[in-house]
Amino acid sequence: SGGGNGQAQAPAGDTINIGVNFELSGDVATYGQANVQGIEMAAEEINAAGGVDGKQINLIKYDTKSDTAEATTLATKLMTQDKVVAVIGPATSGATKATLPVAGQNKIPVISPSATADDVTVDDKGVKEYAFRTCYSDSFQGTAAAEYAVKKFSAKKAVILRDSSNDYSKGLADAFRTTFTEGGGEIVSEDAYAKAADNFNAVMTKFKGQEFDVIYLPGYYTEAGKAIKQARDLGITQPILGGDGFDSPVLGEQAGAQLKDVYFTNHYSSEDQDPKVQEFITAFKAKHNTDPNAFNALGYDTMKFVADAVGRASEQTGEGVQKALAETKDFEGVTGTFSVDENHNAVKAVVFVGYDQGGALVSEKG
Amino acid sequence: MSTILEVTQLTRSFGGLTAVSNVDLTLEQGELVGLIGPNGAGKTTVFNLLTGVYPPSSGTIVFSSPGQTQSLGGKAPYAICRAGVGRTFQNIRLFKQLTVLENVMIAYQQNQRYPLATSFLRLPGFRRAEDEIREGARELLRVMHLDHVADELAVNLSYGGQRHLEIARALATRPTLLLLDEPAAGMNPTETAQLTELIRQIRHDFGLTVLLIEHDMSLVMQVCERIYVLDHGIVIASGTPDEVRANPRVIEAYLGEEVDHA
Amino acid sequence: MEQLAQQLVNGLALGSIYALIALGYTMVYGIIQLINFAHGDVYMVGAYVGYFCMVHLKLGFVESLVIAMAVCTVLGVVIERVAYKPLRKSTRIAVLITAIGVSLLLEYTMMFFVGADTRTYGVLPPFMEQSFQFGGVLVSMKQIIIVGISVLLMVVLQYIVRRTKIGKAMRAVSQDADAARLMGISVDNTISFTFAIGSALAGAAGVLVGVYYNAINPLMGLLPGLKAFVAAVFGGIGLIPGALLGGYFIGASETLVAGYWSSLYTDAVVFAILILVLVFKPTGLLGKNVREKV
Amino acid sequence: MLEIKDLGVSFGGITALKGISLSVNDGEIVTLIGANGAGKTTTLRTVSGLIKPRAGHVLVDGKDITRMSAQARVKRGLVQVPEGRRVFPQMSVLENLELGAHLRKDSKAVATDLDEVFTRFPRLADRRKQHAGTLSGGEQQMLAIGRALMSRPRILLLDEPSMGLAPLLVQEIFSIVSEINATGTTVLLVEQNANMALQIADRGYVLETGRIVLSGTAAELTSTDEVKRAYLGG
Amino acid sequence: MKNSLVRQALMLWLPLVATYVIVLLLVQANIIDAYMQVTLATICINIVLAASLNLITGFTGQFSLGHAGFMAIGAYSTALVSMRWDSVFGFLGGLLLGGVLAALVGFLIGLPTLRLRGDYIAIATLGMAEIIRILLQNFEFTNGAAGLSPVPQYMDWTWFFILTVGSVMLISNFIRSRQGRDAIAVREDEIAAESIGVNTTRSKVLAFAIGAFFGGIAGGMYASYFYVIKPEQFGFLKSVDILVIVVLGGLGSLSGSVIAAFLLAIISTLLQPFPGVRMILYALLLIIIMIFRPQGLLGNRELSLRLLPRFGRRREAAASGTEEA
């Protein structure tokens, strides 16, 4: 990726400027870049099909360097100098939150494909008018996972291993813990690793000395793949549960043959025979020579979601688009069909995707 | 005359090597005393012990300044300096990237203190104190014939200039005892003769007691009133220049036969 | 007890990797007093070269290891000649900033070509996936390979530095480059040689990590680079045995803290120990505290 | 044997050497005297290849070596004892001496030379395991000279070897220089101690602010008034 | 004498006040638009960060790799206090608390570690900053990895101006005072400094704590402007960024730090249109600048314009000229 930028100015009136404000370098470039791959693919498709209302979409892409201050700076630039009608991104919750005051001041909506923290779209003062997202909130997934653990595995005891350096992981872990213990379960041990950790032998060795039914591992595939493999290598056999951060071919590549008895909450399953999903997977594979991950899919949906709103908007301004976004009903995306609720969250069904004890891909709707 | 420095049984070893061994040394107020001896005899080490660069392995150093007599052994170098002992270094150690004036000001200001708040906020006393420091430092530069290069960086001075600056900086701490480590090293005979005069003069003008290490016998024999001779860390002789010059042990260990012609 | 033994095995493997990287740090530091921030990124490049060899060229592990070491050797020398050599007479901090520049350059050039996402080494030859049980303690073949290769490389290195002429030349250059020239030593070649060896070790570490964790990405050098630096300082920077000691110490303390307390605090504890060590032994555990003679 | 032609050196804005020419014949001791900052050290460093001149040439045995690297010059037998000793401080005395023989392959002869250095400087023998950085100034000077001898120089460049030495040692160093010279080594000697230097030298040059202002045999120079006044303290 | 004092005051204050008023007017007229305002804010914060680190590293010669840690302390103090006490006094109280806490931590860590030599201090300060970050990540009251938001935004141009100019002036006053000269002497030659009566430990710790204080202030400015703070923003790379500004501007040159902060903002803006290769270009630039200007833009000189009457006269070190590498 990382190719050209969409700054080429087409004649005014014929294009719709949309800001793409992502972590393309720095710590969390993985997620930013993945989102952008999806966004760019969707934009190309839309433009090839004639654009929105006959206008081409012009993406203006910036790199926040995974720095929240820079995210704010660039969002401001997009909104004030580049005259975009909407800004997609950043990928992470903190950075997204940092751009929201600017969004409010300039009345331009910010839509994040993957900012999952509960308070991205709402805070004590209520819903943030110009904040949207297309992913689940953390508590939604954590709760679903806890229910699944009890229902499917009759789990009574769980251990949690989370990523100490991101709030996504913390949010999922908190929700899981609450739901699981409320349902009578017990968290026997909990630990956290730092971002980019490689070595899980120590913590897994520690877990191994304990009695439990499931491991909840809310984190991203980048570390989860290693953690799963090291756990299985050490002879830990209990089921491992995770969230949509697992969704990437890299998870399987890292865990290799040890990807067994692993389940995670997700937006869709690549097994899903819905033509929309299959088309997306095929097209993505053709373009990037690898299977898409959740970030790709969410980026893709977000672009389409924004384009859809722009098409429906009464006027092509930030305010117009904001209204249209808020009114979205039954939008059919790759990551599920969703409507925007009063808290500006995308309400969609959860899918449990997993690899059973033989490593075969399974999925069930939640 | 009163005793200003009284060193008894001073010893320092490095690993297995005893660089300074049971040295006794006394300086009377106002004296100009030489410390000579072969290379590696332990002269610089004695200076380092006197100024706190190394703590002594054993022995005592008692220093009397007007109104106070104190033991210097184990004290930090800055405290010893504030007590009134100034020094120069064998291997010149100037603040190379600062100007000549700044070099001296920094030494001078140690006795011209004003509080931190004054510095931050430029309170009224600031300018006056600064002016005093600057003027005091300039005055010393004049004494050491360095006033014309006050604004040069120290590193750009000639070797001789740097040696002079070391002395000026030491004087700026207002010592009562001045330790000079090979002040004439790297100077040619003509320059050495001028330096000899200068040392006499500052001793007189500043009322100093001076202890001097030097290998240039023309300088030592001319200015020193008494001389200690060190060899292998031990004092092998002491006395007036003539006594020392005639001492066979000194001739054998240090001076060699031909010294008379030099 | 069993668990402790298991944790120590884990720590040994981890420590070997830190030690390998730390050696490069220490050698470069020893000779030109440069904290070579790009060193961790050379390790990253090594991991990618190994990836390319094993996954795309389908080469064996040993061949890949050798190729990665060779490529990193060249890379290290090129970096030194292009980016550091012009700064020989500048302040060390200027070179440090250049090193940071080189580090960013390697990271983002790599990211430009392969993307930010994690790559995996894929399926390894079956012999490498074996593991052995020693009375409840599980030791994997990969761990044995890592420790074995690391120790071998370190022994070779120690021999070079202690026993050969080039080793003595390295030490001479590190203490006084001009005087070394007057002995007939080619300072430039000696420095390049140091970078070559250090980088080769980093390259080896990169491949070993790729095999061990089966996951690499363009920013993977950052953290281990930092920890290796800590390891080097811990043992006494500039000292080869110090780097070893530091590497193993950090490996062990990380696994023990994670195993008996919480992974949350591994890094904090490592740094706290480091600071304590420095306070009581200001030149690192093996460093000699030579006060400058005045 | 060694010839310097119109050598010019500058550092940034400062011109240290303004076209210097001098020559040293086979088997001679030639001394270069001058005040602080005259450019003596700069001359030696340029000859040994540590500084690249702006203009001029350095010739050894008639061959132009101006572009040759420092280490290649050592190979040709041009060896410098630098100002300020420059021993390797964290290495032992022995290691320092061994480094002097870095380019030599004849390990037997190296061993004999090592013994010879130790006989010449017994104090170094006493301290062979000590780190050179902790030696006294005089000890370091002996080490620096010994180290240079280890490479069996044909032309020895000495920069103020007597600086900081005890009188006895000054005499000794000068007699060593004479001895070394007698065994066939050509010497270019830079000295502040002009008295002694002129005593052992065959010829001499006087350097003032980057220019050669006087030259002649040692005897001629010693009797010149200017030299007497400025450098001999007379 | 009196006259020259008045003139000096005029020459110092007049341009400053004029700058303040002009920018204020331009902001109001929206000629300095929102984007430029954010950029300006970043520049101001970077100036304070760089000036304070320069005091530690450039003037006192203590190589610190942990400045982001002090920034974090300031940012979290300001955020926590002003979130609970949402008023300008809460903001200022938090800011001050942040500075004082940072100075305290600087003092505590400095006391034992500042007797270490060069690179060992670097690693000790790096360790300190990492410990701070990890603690912030794990404390409940700092809300862990998610960090704190919304931080009430009190920073506006007026505050930026006051705090930036104030910090730089105080630091500059310090440097050009007795205590500052002591610190510089320590940088130049510690043993010599001790030998002329400078209490080197005290000198170093003092400079370190003052640098930490202003690092904390910068952190507070950051928190109160950028709305969200998270521990990961104050990692090792942030410390490196600050160091880059300092070295680029010139170690030991405050005006160099100021200029470098502007320059980096300009470079950053110029590179924004190339998101894919931005970091590659930045890295190349960094290397090239260092190769051609290793002493930084201003070396250790100050850009005077006679605005800041300087401490003595200072010329560049004798250039190393043609010496062979």
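Every chain is named by a letter (A, B, C, D and E) in the order it is written, and numbering of its residues begins at 1.
In this section, a residue touches a chain if its C-beta (ideal position, glycine included) is under 8 Å from a C-beta of that chain, and two chains touch if they have at least 3 such contacts.
As the structure is a computational prediction, the values presented were derived from the model and not from experiment.
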Find the chain most remote from chain E, comparing centres computed as mean CA coordinates.
D
As a test of understanding: of all chains, whose mean C-alpha position lies farthest from that of chain C?
B
Between chain A and chain B, tell me the centre distance in angstrom, where each centre is the average of that chain's C-alpha atoms.
72
Here the gap between chain C and chain E, centre to centre from mean Cα coordinates and rounded to Å, is 32
Rounded to the nearest Å, the gap between Cα centres of chain A and chain C is 35
Report the inter-chain centroid distance for chain D and chain E in whole angstrom, where each centroid is the mean of the CA atoms.
49
Contacts with 2+ other chains: residues of chain C:
108, 111-112, 264, 267, 294
Taking each residue of chain D in turn, which ones touch at least two of the other chains?
49-50, 70, 134
Interface hub residues of chain E, defined as touching at least two other chains
134, 137-138, 191, 276-277, 279, 318, 320, 323
Hey, which residues of chain E end up touching chain B in the complex?
170, 173-174, 177-182, 184-185, 188-189, 191-200, 206, 300, 311-315, 317-318
The residues of chain C that touch chain A in their complex are 3, 6-7, 10-11, 13-14, 108, 111-112, 115-120, 122-123, 131, 138, 140, 209, 212-215, 217, 219-220, 222-224, 254-260, 262-264, 266-267
Chain B residues within the chain D interface of the complex:
14, 17, 36-41, 44, 90-91, 158-160, 182, 185-193, 215, 217-218, 253-256, 258-259, 262
Interfacial residue positions of chain A with respect to chain C in the complex
1-2, 24-25, 27, 29-30, 32-34, 164, 191-194, 196-199, 201-203, 205-206, 208-209, 221-222, 225-226, 229, 233-235, 248, 250, 253-254, 256-257
Which part of chain C faces chain E closely enough to touch in the complex?
29, 33, 35, 83, 85-91, 93-98, 100-105, 107-109, 111-112, 188, 226, 229-230, 233, 237, 264-265, 267-268, 271-272, 274-275, 278-279, 282-284, 292, 294
